[in-house]
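By letter and in written order, the chains are A, B, C and D; residue numbering begins at 1 in each of them.
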Amino acid sequence: MIKAPEFAKISRIVPETPTVKTFYLEKELNGIPGQFVMLWLPGVDEKPFSVSQFGKQIAVSIQKKGKFTEKCFELKECDSIGVRGPFGKGFSIAGVKKAIVIGGGCGTAAVAGLPKMLKEQNIKFVSITGARTKEELFSQKNFQNFGELIECTDDGSFGKKGFVTEALKEMLAKEKFDCVMACGPEAMLLNVFKTCEANSTQCQLSLERFMKCGLGVCAQCVIDDQLVCKDGPVFNSEKMRKLSEFGKFARLKSGEKVELKEYYAWRQK
Amino acid sequence: MIKAPEFAKISRIVPETPTVKTFYLEKELNGIPGQFVMLWLPGVDEKPFSVSQFGKQIAVSIQKKGKFTEKCFELKECDSIGVRGPFGKGFSIAGVKKAIVIGGGCGTAAVAGLPKMLKEQNIKFVSITGARTKEELFSQKNFQNFGELIECTDDGSFGKKGFVTEALKEMLAKEKFDCVMACGPEAMLLNVFKTCEANSTQCQLSLERFMKCGLGVCAQCVIDDQLVCKDGPVFNSEKMRKLSEFGKFARLKSGEKVELKEYYAWRQK
Amino acid sequence: MGNIINASLAGVELKTPTILASGFLGVNSGILKRAAECGAGAVTTKSIGFEKRDGHNNPTVFELEAGTGLINAVGLPTPGFRNMEEEWLELKECKVPVIASIFGASVQEFVEVAEFVAGKKPAMIELNISCPNSKSHGQLFGTSKEASFEVTSAVKNVIGKIPLMPKLSPQALNIAEIGKACEEAGADALCAINTLGPGMVINIEARKPVLHYKTGGLSGPAIKPIAVRCVWQLFESVKIPILGLGGITNGRDAVEIIQAGASAVGVGTAIHYNGIEAFGKINSELEDWMQANGFSSIEKLRGIAHD
Amino acid sequence: MGNIINASLAGVELKTPTILASGFLGVNSGILKRAAECGAGAVTTKSIGFEKRDGHNNPTVFELEAGTGLINAVGLPTPGFRNMEEEWLELKECKVPVIASIFGASVQEFVEVAEFVAGKKPAMIELNISCPNSKSHGQLFGTSKEASFEVTSAVKNVIGKIPLMPKLSPQALNIAEIGKACEEAGADALCAINTLGPGMVINIEARKPVLHYKTGGLSGPAIKPIAVRCVWQLFESVKIPILGLGGITNGRDAVEIIQAGASAVGVGTAIHYNGIEAFGKINSELEDWMQANGFSSIEKLRGIAHD
């Protein structure tokens, strides 16, 4: 665990899609898929990113979408970036025997470490990743190296056409699974959650909220009475059922609660 | 190691001589004979005392001689007293095969833990304790239970008549010893040191100075360039030879360096 | 039937003496209620300000490597006092007293926020006149006798019967005098202390201060001795009750600050170390200690180190 | 032949930038020389006062359980400035610069002590205007701009060419202004910081403050963020060099406070943790870091976190 941000050298940068790059950082850290680190660019900001690979080096996949991530994209190999963490609760494999792993968009990064772990624990699983279009699919090897991968694109430019949730529905209709583990845009997660509930299947969903401390003290990331940074970011079905704000509300930097639409509009600025 | 003073219950008080009592404190502490603790009476003062027994309980023998120790003598069983420590370097048995243990006056307390340790390590030894008169000898069992004890009194009221150093000289003349381990009034220690030097025998002497921190930071207890509380209180022959102030000077509470006589006169007040 | 750890602060009855410190968790009613369920005797909202503020960029809070606590410069983010209707409504259901913490950049702002907030009938209003992380708010007031007096009496004037508790800064050169000034101005209780400093941590590889705001207040175990001293000095100078906080992490810490003179105990950084369960832990350790040492009430324990 | 960790403070050349802090070890010449042999670039005497003082009763210093450092109220014991002839004679043989720290209860006392001490030709005189452990000495001066100015200029007047270095208090509400006032009064360097607080620790079983003086200053790792902030603010407000201290325990700490603006680094509480060998440890870690990061001199490292 790194408490105060430490500087880590970027040993490798792998472009994944036009808007996603994977950064390998020279920092030994151990953790569980679903946990995240705070990445710091001095003078700019500090934001949470899921770790797709722990160990002697760590890997994070960053999607370029705003001021912070644009600055990240300017970094080159041998540059350094601040890291602290890992924080939060990752995915739990307790009692899981047969799972579906789902990654949507840059949420794919948060589940990219799962296939290896599941395989090592002899847990059966199928993976589904989705993106708007072919070029935006990424991290295939993290999934294919350890099991079956179904890829979906909104426009049908690769793999299955349509949202990941359609693939999910089909699979749940055919076979029984213990647990669905997913990360992606909240609209997608809401759909995954509803699908699982309708099929009486447990799920673990990795949520996202604007974060400040990452430590569970400031409650910037609060959803109902849960702290996404500490109680989550991964929540199971039992907890999800109690989250009245999920899929509906989030908080701006001021702490003000607004509808998700307004939250995203603010993030876009 | 207790950093900030903790309160310890006095489980037993054993009167040893008209001016010495042994206090057993309910505090588990491990250490080496020669190490000391700081005992604290709230609102009064805090002073160093050698530990004559470590373990589940610790034992300290206190001689009534001033304001602080008078207050100690008012304590009853079940009262409590503050303790921190143990501090300093104790006696070393490295390489010692045959030793003489000497305790003079209340300095007997500082060496009272040695016989047990020496016996356990299969090191041969003879003990000598001394006091002005018969009633002032104490702690006999700590010595007799583990080996031979020669007792001396200045007035001959018990055991050998004369200073412990005479007994020491006789023994060194007869037999060869590796190491003399001693604690007592500085005048006695000076004599022990000279005797050992004359007989080419190593010694380890436990010194005493007025102490404040007990931690090696304030240098109140300094002798030349050595801190009695941290480098000592036990010093070996090599170090003793370099101490120009030993047997001559000590420091008052203000830090002022004065002759031992003046130091004792001040302590008496 | 009373319990030995029942407490009371300026007439506000508390089931337990541990109160959630402002700035911790107090963003919404959901998490405040959870703190109450976990054993908090009362909960304090994140300080509420005049206008909507985002606070500083990240990093805003992190743990010091030395294990001495947290450093933070969150920078008083707030939706603005008018913008929290829903939270107020939901807070009515909270099972423990809710303390509303407020701040302002001027006496006028303090007064307007206080008047509005008083209308929501919180159990108490806490005046944050001691935040070290904003240029124009906070510490400026809390380190001056005159300014502390002025803002306290101005706010007291507009909040009716709701008890008022200024929160003091450990940076004050004479906290006893500041406390006295607040008491004279009509304060019903005092809260001590806010974060210490500010301090600064530089990442030597980045060659830059880590906090985006550069400096930030210290909290946690490192500041406990300062908090205990402040409560001690206040206890000797004022008659109104004191909410003591700063590094209180376990039952022994609570006993210590109560012996120094606190009537109740604030809990903040302990939540980082022990989660929201920090309240239950402190409460039960406190109760155990009191039982083992023959104290039948917090009131009897309070201030005894002065005797 | 220079070494990359050579340093200089107001014209005083230092083989290493680590300076023994006042109050640690500096009671006699023997132990000061030992500190020099262990790597201290300069050594500071225990603060020397006007009249013989015993200081407070024990406990005067102990380590905080939380591992955050020491708390002390030694209370400025001193043989009195006239009473130290022998030490002065022996200090002439010291192989590193000797800084004489002095204190007084009035400007007049400061001046008399300074004038006498200047006659002994120390490398530098440190003005302790920031001790929190005595009612009439220290902090009182160091938290007021006017008083700091007055005592600094009065002393400067009587000590001739010997560089003068006031030691500042972290309790000052605006240390940058105090530093500026000292600079204007003729100070050649500034020392920051003295111990923090005061604080208090109560033993809850004894039901009493542990320090005999009740309150005491905090030192060690817990206060490092405050020290770094103070040095940072002074660096932005004055041109004279700064001796930075407060919790410096390893090479990285030294780099941090130098990046904040210190020209040299004081070492105190680290001696408790690592013995007198603390100097050598900090020096070699500092040198290693500088080498690994391409810094060829302390001067180049100084203040770079401000860029």
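What we mean here is this: a residue touches a chain if its C-beta (ideal position, glycine included) is under 8 Å from a C-beta of that chain, and two chains touch if they have at least 3 such contacts.
Just so we're clear, the structure is a prediction, and the values are computed from it rather than from any experiment.
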item	value
Co-neighbours of chain D and chain C - touch as defined	none
Number of steps on the shortest touching-chain route linking chain A and chain B	3
Interchain centroid distance [CA atoms averaged], chain A/chain D, Å	50
Whole-Å gap separating chain B and chain D, where each centre is the average of the chain's CA atoms	36
Chain D residues counted as touching two or more neighbouring chains	64, 67, 201, 205, 208
Sites on chain B at which at least two other chains make contact	none
Contact graph of the chains (line, ring, star, complete, other)	line
Listing of all chain pairs that touch each other, if any do	A-C, B-D, C-D
Chain C partner contacts - residues on chain D that touch it in the complex	64, 66-68, 71, 143, 171, 173, 196-202, 204-205, 207-209, 214-215, 218, 221-226, 228-229, 232, 247, 252, 255-256, 259-260, 289, 293, 304-305, 307
Touching residues (chain side chain D, partner chain B) in the complex	23-28, 30-31, 33-34, 46, 52-55, 57-65, 67, 70, 72, 74, 77-80, 83, 86-87, 201, 203, 205-206, 208, 210, 212, 268-269, 271-272, 275
Residue ranges of chain B touching chain D (in the complex, touch as defined)	3-7, 38, 40, 42-47, 80, 82, 84, 211-213, 215-220, 222, 224-227, 230, 251-257
